[in-house]
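In this document, chain identifiers A, B and C correspond to the written order of the chains, with residue numbering beginning at 1 in each.
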Amino acid sequence: MTLYRHALNRALDEELANDDNVVIIGEEVAEYDGAYKVTEGLWKKWGDKRVVDAPISEAGFIGMGIGASMLGVRPVMELMFFSFAYVAFDQMINNAACVRYMSGGLINCPIVVRGPANGGTNVGATHSHTPENLFANMPGLKVVVPSTARDAYGLMKSAIRDNDPVYFMENTLLYGDPAAASELPEEEFTLPIGSAEVKRSGTDVSLIAHGRSVLVALEAAKQLKEEKGVDAEVVDLRSIRPLDEETILNSVVKTNRAVLVDENKPFCGVSAQIAATIQQEAFDDLDAPVLRVTSIDAPAIYSPPLEKEQIPNVGRVVEKVMQLG
Amino acid sequence: MPKLSDTMTEGTLLKWLVKVGDSVDVGDPLAEVETDKATMEMVAFDEGTVGALYVKEGTKTALGETLAVLLEEGEQAPEQPPSGGAITVGKEAGEADTGGGDETRGTEIAPNSEQVGGNAARAKASPLARKIATAQNIDLSAITGSGPGGRIVKRDLEGAPAGNAAKQASAGPATKPPAMISPASATAEDQRIELSSMRAIIAERLLASKTQIPHFYLHVEMDAEPLMGLLKQANITAGEKSNKLTINDVILKAAASAAVAEPRVNASFDGNAIIQYANVNLSVAIALDDGLVTPVIRSAQEKSLLEISLEVKDLAQRARSKKLSPDEFSGGTLTVSNLGAYGINSFDAIINPPQAVILSIGGIVKKPIVDSEGQIVAGARMDVGISCDHRVVDGAVGASYLAELKKRIENPASILL
Amino acid sequence: MTTQLADQSNYAQAEINLQLDAEEKIKLMRDMIRIRRFEEVSLKYYNADKMGGFLHLYIGQESIAVGTISLCGENDHIITAYRDHGHALAVGMGMNECMAELFGKATGCSKGKGGSMHFFAPDKNYWGGHGIVAGQTPLGIGLAYGIKYKGLTGSSLCFLGDGAVNQGAFHESLNLAELWDLPVIYIIENNGYSMGTSQKRSSAFKGSLAQRGEAYGIAWESAKGHDIYEVRAKTKAALDRAHQENRPTILELATYRYQGHSVADANAKKYRTPEEIVHHKENFDPLNVWKNQLMQEGVLSEESYRQIDSEAKSEARQAAEFAEQSPYPEIGEITDDVYFEVDKDTEAGNQGRHFFHD
C-alpha cells in the first residue's frame, strides 16, 4: 500500500522525469525535504534547478511562478499550508485566473499550486483554512481535492500536464493515514480532472463529499448500514472545478436523498453549490431536502476535542442522515 | 362541478332542477349531483337567469368543470363552456362577487382548478412524491405521509392507488398511464361497467389502506348466549311498535364502551405522531346495492344503546337513498363491519383510513363447546376479529381491546345503561 | 524629480546612441508621435462615450516606452501596469486592435475582454497590461525566471509607477530577483504622483526611489525620462547586466503625465498647479525635446515632422473608425478564453462542468 504522501511524491518525481519544464518551488521543498515530506528525496535526485527552496514570500514566488508559466515553464508551487494562499491572493486570482481571459486567450498559465488545506490538526484559524470554495468560485481556475493516495497520484499527474492553473488541495491528516493509502500499480497512470467517483455504492441516500470528508462519509456509511440499516452511497467529488455533475446527479436520482459532507464553512461552501445544482437539476427526484454537514461556522478553534466537533465527523453525518426520516 | 365532499374528485350531474331562462336566487337548488358518497343538491351562489346548461343529466364531471352559466340582465351565454380553466361559469354559481366589470361570465360555479391543485399542494410531499403522483395520477390529499412533519415521500406511494386523482383542467405535464394491474382483454360477451363515484373511491381508499398501512389481525371467539338472551328479553318487553334492538346495536355500544377502556385503539397515525381521539366516533359499514358507505355515529361512548340503535337505522336508511350529507361520513375514529347477517363466520376487514382499527364481526354459530365443568355442551359463539395498523397499535393493545370488548359482549347488562 | 532644464543631451555620444542611423532616429520620433496621437484620439472618443471604465493616458511619458523598448531583442520581454497603451504601440501592436479594445469590440487585441488596462501581445513579447498596482512585479521576475530556466540570453523589462514601489509584492520580487540572479529590469516611471498623492506624501525615500534597491544589493540608476538618448543609454547598461550576468537592475526614470491619473481623475488639476503642468510641457515634453534634438542634428525638418504627425493623426483617426465599425463580441463568447483546455477542445476540457449557470 502506498501512502497519500508517497503517492504524491511518486507523481512529482515521474513528472520531473517526463517534462524538463517541470520545476518544483516552495518553502522547504528542497534541502529540508518538504515540511510534510511530500517532496522528500526529490532535490537530492533532481538538483537545484528542478527543486527550489523559496524564501517565505508567497506573493513573490507564486507570482513569479505564474509569470514563468506564461513563458511555458510548468512550475509546481508548494504552499506549506494552503492558508498561506491568502498572502498571494492577488497573484493567484488577478493574474493566474484572469490573464488568459484579459488577453483574449493569448496567454495561458500551466501552473500547479499545491499544499494541504484542512482543519483538524489543532493549529488554529490561520493554518486551517479550506479555500477550495474561494478558488472554485473563480472561472479560469481548476480546483482538485483528492481523498486517497490513488486519486492524489493520478490527479497530480493530470494537474501538472494541464495547461490551465490547477490549485491542488491536499490534507495533512491524509498524508500518513492508512485509510487513505492505496495499492498503486507499477505503471504510470493519470486520472482525469473533473471526474467524480462513487467510492461506495448504496441505495438509500447519497453522501457527497470531497477530500478527507470522503473518509468520514465512508465511515458514516458503514455505521449507518450496521446500526440503522441505511444503505448509503458515497460520492467523492475529487475535483471541485471542473465539477462532475453527472455522477452527483446520477447518484441522487438513484437514492432520492442527499447529505453533503463538506469541511468548508456552510456559507457559500462547496456544498452550497452542489445543493443548488441538485435542487435545480434533480428537483423532481428528491424525496427529502438536501442536507449538509459542514464545519461549524466560526474560525477554526484550537482546542483539540472541540475542533473534532467543529469539522464534519462520523457522528454528525449519521445524525444528519437520520434526520431525513 | 363544486367540491361537495372531502374526498370528492368528480361528480355526476343526476338532474337539472332549473332550465334555461329560469330566474334563480342565491341558495336556490340548481341540480342534484351524485358524489362519491351521496346525492346532493348544488345550490346557486349568486342570482341571475340561467343562460345555458352545458352538462347533460347523467354526465360525470371533474371538479371545477363548468356546468352552467348564470347571466345578469342583458348578458349573452357563450355557446361553449368558457375556456381557460376549469370553470368560468356564470357568475351565479360561483362566488358572490362576479370579479368586477362587465364580464359576460361571472364567477365560477366551483372551486377552480388552481384551488384543486392548491389542495394537493397543501399536502406536504417531496418533489419526487409529486412527480410520481403526477405520473400515476395519484391524489396526494388521500395519502398520509410518513416523512418528517408528515411529508409524503416515495415510500408512501409505493402501491398507492393510481388513476383517481382529480382530472385537473389546467394543462400540466402529460401524465403516464397509471401503473395498475390490467384485466384480461374483454370479449364481446363480457360486460364493462363504468365505475360509479362510490366504487372509484372505495377502490382508491382501500387500495391505499391495504398497501400503506401495515395490517395485522387478531381474532377471539365470544360467547353469544348472554347477548342473545338479552336481546330476546328486551325486544319482547318493548313490543312490536317500538324500536327493535339488533345484535349489531349491542356490538356497537360495546365497541364504543371498550374503546373508552382501551383508548389506544381509538387513534390515527399522523406521520411523526399518533393522534388519540377524545371521542369515539363509530363508523358503521353499511352495504348498499352498488357499494358500501361508512356513516358515523358521533361520540358513541356517550350514547345509550337505544340512541345508537335509532341512529344507525336512520343512517342506513338514508344511505340507501343516498341522502346522507358529506359531514355524516367524515370524522370516524373506529369502524365496525358486521357480515354476520350474510352467513360469514369469520373475516378480516381492511382498515378504514386514517383509523387505526376495524372490527370484523362474524355471525353467531351454534357449536359444541367445553363448558366450565369440562363437559361438551351446545353453545352460541361469535367470532370477532380486529384489523390493526401496526404503526399505532401493537398486538398486546389489540388483544387488550378485544378482551374489553369480550367482557362487555359476554356481560351485556354492563352496557345497557 | 528632475527639474533641470533640458538642453542637448549629454548621452548623444553613448555608444548605443551613436549606432543609431537617421532612419532609426526618425522612427523613434514617429513612435512617440503615434502614441501621443493615439492617446489624444482615444480621449476624444472616451469623452464621446464610446468607451467605458478607466482610460490612463500615457501623454507626456512617451520617451520611456519608446526609448527602452527600442533596445529590446528577441528574448527581451516587456510587462507593465495599467498605463499600457504606449508600451503596446512601442512593441509594435497596431492602433486598430488597441483602439478597438478600448471600444470593447471583438476586433480588439483582447477581443474586448481586457479593456484599457489589459493589452497583451505575447507574440511581440508583450505580457500586458496589469490592473493591480505592483501586481505585475512578481510576474516580471517570473518572465526573467523563465528566460533563465530555458537557458536564453534575455531579460524582462518590468515597468511600474512610482506608487507601486510601496507594495509588498514589489519588495518580495526585489528580494527574489537578487537572491536568484534573475535578469529583470524594473523601470520605475516616476511621474511624481501616485494618483493624487505626490511622491513626498506617499513614499519614504532619500534621493530616489530606485535607491531602495541598495537594501537588496540590486544595481540601481536614475535618469531623465524625457531624454530618449539618456533613457537608451541607461537601459543599455541594465540590459547588459541582465544578458551578461543574469542580474537585476532598478531604473528610475523621471517623467510627467499631463492628464489626470485616469480620465476619471476628478482632481487632476487640484493636487498640482497649472503652472507645474505648463512648466513640464514647455521644457520637458519628450516629443519637443527629441524633435529639437533631431532638428539640431539635421536629421529632421519641420516639414517632415509635420508629415509624420499628420500620418499619425490620420492613423489614429482611422483606428477609431475601425473600432467604431467593428462588432461587439457575441454573448456566447463571454465564456470563451477562460480555460485553455476548453478553448482547444481537449480531452481535459471536456471532463466535468467548467462553467456554471444560474
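Keep in mind that, in the parts below, a contact is a pair of C-beta atoms (placed from the backbone, for glycine too) under 8 Å apart; a residue touches a chain by one contact, two chains touch by 3 or more.
Since this is a predicted model, take the numbers as computed values, not measurements.
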Graph class of chain-chain contacts, one of line, ring, star, complete, other: line
Distance-to-centre winner among chains (Cα means, whole assembly as reference): A
Centroid spacing, where centroids are CA-atom means, of chain A and chain B in whole angstrom: 59
Interchain centroid distance [CA atoms averaged], chain B/chain C, Å: 87
Between chain C and chain A, distance of the C-alpha-averaged centres to the nearest whole Å: 39
Residue list for chain A, restricted to those that touch at least two other chains: none
Touching two or more other chains - residue numbers and ranges from chain C: none
Multi-chain contact residues (two or more partners), chain B: none
Chain A contact footprint on chain B (complex, rising order): 126-131, 146-148, 151, 153-154, 272
Touching residues on chain A, where the partner in the complex is chain C: 21, 23, 49, 54-55, 57, 59-73, 90-91, 94-95, 99-108, 110, 139-140, 142, 158, 162-164, 192-196, 239, 241-245, 273, 277
Residues of chain C touching chain A in the complex: 77, 79, 108-115, 118, 120-123, 127-132, 135-147, 149-150, 156, 168-169, 172-173, 175-176, 179, 335-341, 343-344, 346-348, 351-356
Partner chain B, residues of chain A touching it in the complex: 256, 283-288, 323-325
